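Just so it is clear, A, B, C and D label the chains in written order, and each chain counts residues from 1 on its own.
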Amino acid sequence: MVKKVFILLMIILTGLILWSFVPGYESRTALPEVSAHYVEKGPEELGAANIVTAVVVTYRGLDTLGEVTILFAASAVVGLLIHLNKNENKRRREGSEILRTGTALLFPLILLFGIYVFINGHLTPGGGFQGGAIIASAVVLQVLAYPNRKIGHGLLSVIESLSGFTYVLLGAAGVFLTVNGFLDNRILPLGEYGSLLSAGLIPVIYTLVGLKVGSELSSVVISLNGESEEEQL
Amino acid sequence: MDGFSYNKILFAALTIFFTINYGLILQGIIGKIYARVGRRIGIRLFQPYFNIIRQWATRSAISHGVMYYLGPVFRFTGGAGILIFTPLILDAPLFNSFTYAGDVVLVSYFIFLGTLGMALGGGEAGHPYSAIAVTRGLAQTAAFEISLMLAIYSIAVQYNTISITEIIRAQQGGVLNWTLFTNPIATAAAMLAFLGSMMRSPFDVVLAPQEIPVGPPTEYQSQFLAMLMTNRTIFPVAKTVLYVNLFFGGVALYDSYLLTFVVFFLKTFFVYLWSVFVGVSFPRFRVDQSIRFFIKWPLLIGVIAVVAANIRY
Amino acid sequence: MVDPIYLIVIALATAFALGLFRKAPSLLPYGLTLAALAVMTVISGSWAYGILSGSLEGTDIFTAGFTPPVSINLYMGSLEAVLLLLVNLTALMTALVLRKEVKDTSVYMLMLLLVFVMGLNGVIMTRDLFNLFVFIEIVSIASAGLIALRSNLEQLGAGFKFVIAGALTSGFMLIGIIFTYYTTGSLNMDVIASQMSPALAATGYTGLFLIFIGMIMELKPFPVNGWGLDTYEASVPAVSALVAAGTTSAMFYAFLKTSYMSGGLFVQAAAVIGGMTFIGMNVLALQQDKSRRLLGYSSIAQIGLAVLAYALVALYRIENGEFIVFALILTHALAKALLFWLAGIVGKDSIHDWGVIKKKMILIAPFAVAVSALLGLPPFPSFFAKWDLVMGLAARGGMVWIILILSGSLLEAVYLMRWFGNAFKDSFNEEDTLDWRFGTVLPVFFNMTVLLALGYLSASQSSFSMGFNWILLGAVAVLMVLDFLPGIIKNLLLMGAIGYYGYGFVMAAESYRSVFAWIFALGALITLLPGFGVKGKRMGFYPSAALMFAGLIGLIEAVDFMGFFLSWEIMTLGSYFLILRGKDSKPHALSYMLFSLGGAYLLMTGFAMTYAGTGSIALGALVKAAIIPHSGIIFALLAVGFMTKMASAGLHIWLPGAHAEAETDVSPMVSGILLKAGVFGLLMTAISMGEQSIGPVSLPYVLSWVAVITALVANYMAAMQEDAKRLLAYSSIGQMGYALFGISLMSHLGWLSALVISIVHFIYKVTLFLAIGSVAKRTGTRNMYQMGGLITKMPFTFFSVLICIIALSGIPPLAGFSGKWIVYNAVLEKRWMLQGAVAGAAGIIAFLYLFRLIFAIFLGQLKDNHRKVKEAPFFLILPQALLLGLVMFFSFLPGSLLRPVGEILEEFTTAGALEWQGNMAISDYGYWNGVAVMWVFMALFAVFFLILTINGRRAQWIKQFNIVFAAERPARPETTHFSYNFFAPVRKALGFLEYPFTTNFWNRVSDFLHAVAGFCRRIYTGNGQTYLLQMVIFVVLSYMLTKGGF
Amino acid sequence: MTGTIALITGILLVLIGLWGILTNRDIIRMIVGFSLFDVGIHIIMLSIGYVAGGTAPIIENLSDIGKSYVDPVPQALVLTAIVIGLGITAFMLTYAVNMYEKKGTLEIDKFEELKW
């Protein structure tokens, strides 16, 4: 009890620290210089309608690469731990009839939706991460419906590796082709503003990210389900 | 403070010869006194002469080894050395042969040469008692030397010199100039130390002469013993002379040789007698007791002497 | 030049591609990883070389084809390049070490490794705040994965704690970043830094604080770092190595970047937290006996020191700050990685099991190098860094920090040296094995070499001139490399080197330095002679000896504090290794090292204060220091520092064990020669600074009492020893007490006596230790009561002991008397008769132990089991014979010693100087003619000997045992030799002198520190949640303290 | 005003998350606490990027340039932060699963193998 009161006190004090920011806060009325640059010059410079995507994939592309890397590392850790602790699988209760039927119905649709989301990342809200997460949710549905079905990592890991590898290579291509152009999307023509094949490299990168995130999250889910990686899909 | 000349060798030899005779006579007298105090008739006055001659003349001798052999040589060298480093009589060239070699520090350290040699010689004889005696002797020496040293420091400050000759000279011109009267505290400390150095009762557990005699000399016989005995005649005299020089005005060279010798005799005799006097009056201390004794009273007196001298001079 | 962005590209591309090789033989992905790391190393190396050599300049690296602040940018400058090289190299080496793990972990470990390294590279290079956050997260996830490489319970627990602590930290940091973005409108650190102003600092305080505290917590500050310790302990050692070297260095740099960004807003807080961490971790480590956790403690402490150093440099505007901070960081990284790799090779966690390292003796060398480097001993970069830091602090009034840094360093020495000693001395199980592979061994030796090379480089980077001759250390290095040769050849080499160098060195030494130069050079040659009698390689002996002699020579040659202190430390280090070689010397070597280091730190403080007061680090500045404020304190610090080496009362407890347990020919080196270094230093101080006092207390007066009490008690203790070498060791303490007394007299005669005592003590103590050492060797014991009667078996040894004890006791006519006689005169001149009397009493007590020494060993009864004992070997006798020759020379012609030495001292004071008339020395009080005494003695001795021989030539020679004992023949020699508890009556009377005041005092200090450590480390409960709570408390408290409320 | 409300909500969520982290001994619940903590931070980030009256920065026609948009940068950052948070949550869960398999419990105070 005393401990909880103490913890409460500490949390209140932490709250006070954070609170000290609040009095000085006021919603902005104008954008900071750099953001203004993005909003005003971004569409012309990069050809992406979704400025957030432009920021994510190009202006702050290094962050995104790092982000992908974090997911990659997380899935590698999951893989490592699963690899190190191969224990026999307990049988789990199969999903219900409704779930299984629903899964069979929804699985391709969800996949398709996921792909749509990351391909259109530069135009609409959405992008590689979102799309990848949607794809992974399809896999989650699979796992829930058929917890005892063996799903291997083979294909997933090939997709993951190839997409990641290509992403990095495309980023590096910028260094070859332009000055200081690591992750520059303009090594491909910007195309017509607002169309699917526009904004240079952005849709390509987002596709790769989507594939990579989707396969990574999927393999994490599969691994957490306790499957061994040895079986093939 | 002259340099070396060859006649000094002769003088030194004469000094030693003179002291041996004087020492032997003194031994006779002291022996007599001891006996009389104990209501015995005692030895003949010249008995020490006979003893020493007899020992020198003994035919058979055994030796335990090199160090054993050299022990008495060291011992006698030590004794004779102090004798000729110390001015026996002020300004008498005969009795000042090698005083130019050093001051009171030299003399007080040279004492240990003989002690060490004899201890080592006795040690090689292999008898445990000799080592036991040495340890006792050393322990006791360590204790009483402190107060002696304090006394010497005190008078060194007083006279502003550590040259024995200069100290004697400073005490000339009347009895009241003696250190005994000008610096009685230092004298007291030194005379207590003197008791320890003479190895008489109450500080004679080192040799324990009344029971089983122990100590290096016990291990020796024949001419080895003779040499030690010879040393024993001069060594106490040399020591006594040192005390006389430092505290009792020394012996000046008077116009009359006889007077000079009489003064010499009286002074050394009475200083010597002081240890005898105490010796016959007090029972014996154990070694630890005597150490405690020396680090108590004599030490305290010595400290007072030094502090007083430091303030006064 | 290759674009540094490729560092990231290569690592990531390889990591991603590895997924394709899941089914391939493990060699392929492993090879790819190595190749990638190697290329990265080469890239960063070429940048480092280019920038440091000046052919390249620091460059911005832009991304996305835009310039900042529009896009994220990286920066490659000199610091970045060096750190990148460090990180990538360490990673490459770690990959080599991890070869064995590849099979079990498929490609995952390699992926994580590459991602990890990529993250570190990013952390180091990025200039964007949020990007930094991303890279930190990458590092944190990858390392959390690597922690669980074996996936056992400890690793999982530690990893989980690590993750949740990291999540909390990064949460705070993220809030800080976004707050800062709000107030500054930018995420680019350079942009933020450029607009930083007091007003901005006030409005953006919360954000900046949260970034600061987040970065600080990444550095695992005390006491919110339990999770960090667990990580270090649980991980595979190679991973810990990478974390300790890579992560901490990179994170530290990131911390610096954010700190510069906020315009040094939190520098004071950083100083407090850094100092607290440094001290706290070092205290707590005292109770630690698991090696990897110990290394964890040490790592965190070192980073705390680096943070502290950074903060102090900023607070006090200390010059050369970049060098200071980065020398500390680099040394730590290299040494710590080395030690973790070594832990991997050894494979034992308890520091008591490290003895197995001796299966490959050569591993001791990198171990020693790493430990020395961590402690900031020369010639490693950390030494120069600490020196610059301390000097800078002193010059600007940061005394409190100096004390904090030095006491922390001393604490660190306690556990590191204890560990090293354990490893070097503890026995081991023959069945244990080392992980001895190319991949594990190469990194260890690589880092060792780099550390040594960096030491050389950093000497030139320090802002103080070097004042030290590197040739000396070069010789040590050569001997280290040649250590595979037979001992005799190495000995010849070393003696040749010392002889060749020493000639010029002795000739060049001036003034009183020449006296010590003679002692050191001649002593080196003489004490090395016995080495010819030792068969085999004697690994480690010659480099250590060379190190010690190099230090001694350097002391004389030093012209400034830097050179002096450096030599001092080198000498200490060399002698420590020498002492450690003795059979049971483990605890003694440790206490030797600790006392020496403590003393050295006092010296450093004293030098620093002198520098602060006079603005000069030339040794000559001491003269000027005599009249500045606090000169008394300087004098006291230096005096106590040097007295530690001289083993004065209270600081002496290391000596008896260290000198007694050392090897036969090491004891004379450390006792006869090394102690003189303390005399030299103190004499230098006394001559330069003159009489000093603190308030009304005259320091020389205090010293004089310490000196005589040292002499008295040490001599008494010597008399009570049963162990012959301990007896000699105590005797050395006593003799150094005389030397100290001489110095404290602050007069011509006093100093003369100190010099003379130093010289003669060198001669007879070397001889005695050699003689007694050879007896101990021949009889197999050091206990005197087990010996006896050896005079006939070892006559020469007996003779040499005899001469030496006469000399030592100061009995005329031998050379020892001169010192005594001068002291008497000096005492009278100064009128310190009470001290003089105590010193004199000590001199007489010396007779007790000297007699005991010679009697119990050589005289009395010969034991049955010693009847076949032989005389000492030739190479032990030869040096004794040479020294005896010297004793006799000085005894016959005392003037030949006293006159030149006296003339030297007349440069400083002529008052009371001796006047010479022929062979007679005349002082103000007395006179002494040594030549006459000698001749009188010889003449008398010869005459009496002749008398005896002529008269007693018929003497019959018999054995010792041929005696009568209480009217019976004794049964056995054992019962007839009196030597046990030799001075029982003295003990009965003066036993109180034996009461171990000093030992008890130091034991209490030690117990207290350990108890504190044992109590305080309970905050590391092991519960991850508690750790989180501690972190929250830490954040709250830090906020309150830095802002002064809410 | 909208921004302030979001900011305060975010801060409260952060604190609630902290409470969950610090008071639940069950590891899974702690992880939930972390998720809350993260979400709170994300909301704070969004509130920072809010521009009064701005719309989502998606410019369908080039002619729309110059209208009022909310700050795209925090949105980009939040995206990254969410993914990072997701990675860490997945990671923690993996650890939790493995720890449960090794020790059969999820109480955090049972994992005190290493201390002092």
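Assume contacts are C-beta pairs under 8 Å (C-beta built on N, C-alpha and C of every residue); 3 or more make two chains touch, one makes a residue touch a chain.
Everything numeric here is computed off the predicted structure, so don't read it as measured data.
In this structure, the chain pairs A-C and A-D differ in their number of contacting C-beta pairs, and the larger number is found at A-C. Chain centres here are Cα averages; for chain B and chain C they lie 54 Å apart. Between the Cα centres of chain A and chain D there is a gap of 15 Å.
In terms of their C-alpha centroids, the spacing between chain C and chain D amounts to 50 Å.
Across the assembly, chain D contributes residues 14, 18, 22, 73, 77, 80, 84, 87-88, 91, 95, 98 that each touch 2 or more other chains. Among all residues of chain C, those that touch two or more other chains are 130, 134, 137, 141, 144-145, 148, 151, 175, 179, 181-182, 1029, 1032. Each of residues 7, 10-11, 14, 18, 21, 25, 32, 34-35, 38, 59-60, 63, 66-67, 70, 73-74, 77, 81, 85 in chain A touches at least two other chains.
Listed by label, the pairs of touching chains are A-C, A-D, B-C, C-D. Those residues of chain C whose C-beta lies close enough to touch chain B in the complex are 789, 791-792, 795, 798, 802, 806, 809-812, 817, 820-821, 824-825, 827-828, 831, 833-834, 836-837, 840-841, 844-845, 847-848, 851-852, 854-855, 859-861, 918, 920, 925-929, 932-933, 935-937, 939-941, 944-945, 947-948, 951-952, 954-963, 965, 976-979, 982-983, 985-986, 988-990. Interface of chain A with chain D (complex): residues 4, 7-8, 10-11, 14-15, 18-19, 21-22, 25-32, 34-35, 38-40, 42-44, 49-52, 54-56, 59-60, 63-64, 66-67, 70-71, 73-75, 77-78, 81-82, 85, 87, 123-125, 127, 129, 193-194, 213, 217, 220, 223-224, 226. Listed in rising order, the residues of chain D touching chain A in the complex are 1-4, 7-8, 11, 14-15, 18-19, 22-23, 47, 50-52, 56-62, 65-66, 69, 71-73, 75-77, 79-80, 82-84, 86-88, 90-91, 93-95, 97-98, 101. Against chain C, the residues of chain A that register as touching in their complex are 7, 10-11, 13-14, 16-18, 20-21, 24-25, 32-35, 37-38, 45, 58-63, 65-67, 69-70, 72-74, 76-77, 79-81, 83-85, 154, 157-158, 160-162, 164-165, 167-169, 171-172, 174-175, 178-186, 229. Looking at the complex, you find that chain C touches chain D at residues 130, 134, 137, 141, 144-145, 148, 151-154, 156-161, 163-164, 167-168, 171, 174-175, 178-179, 181-182, 187, 226, 229-230, 233-234, 287-288, 293, 1017-1018, 1020-1025, 1028-1029, 1032.
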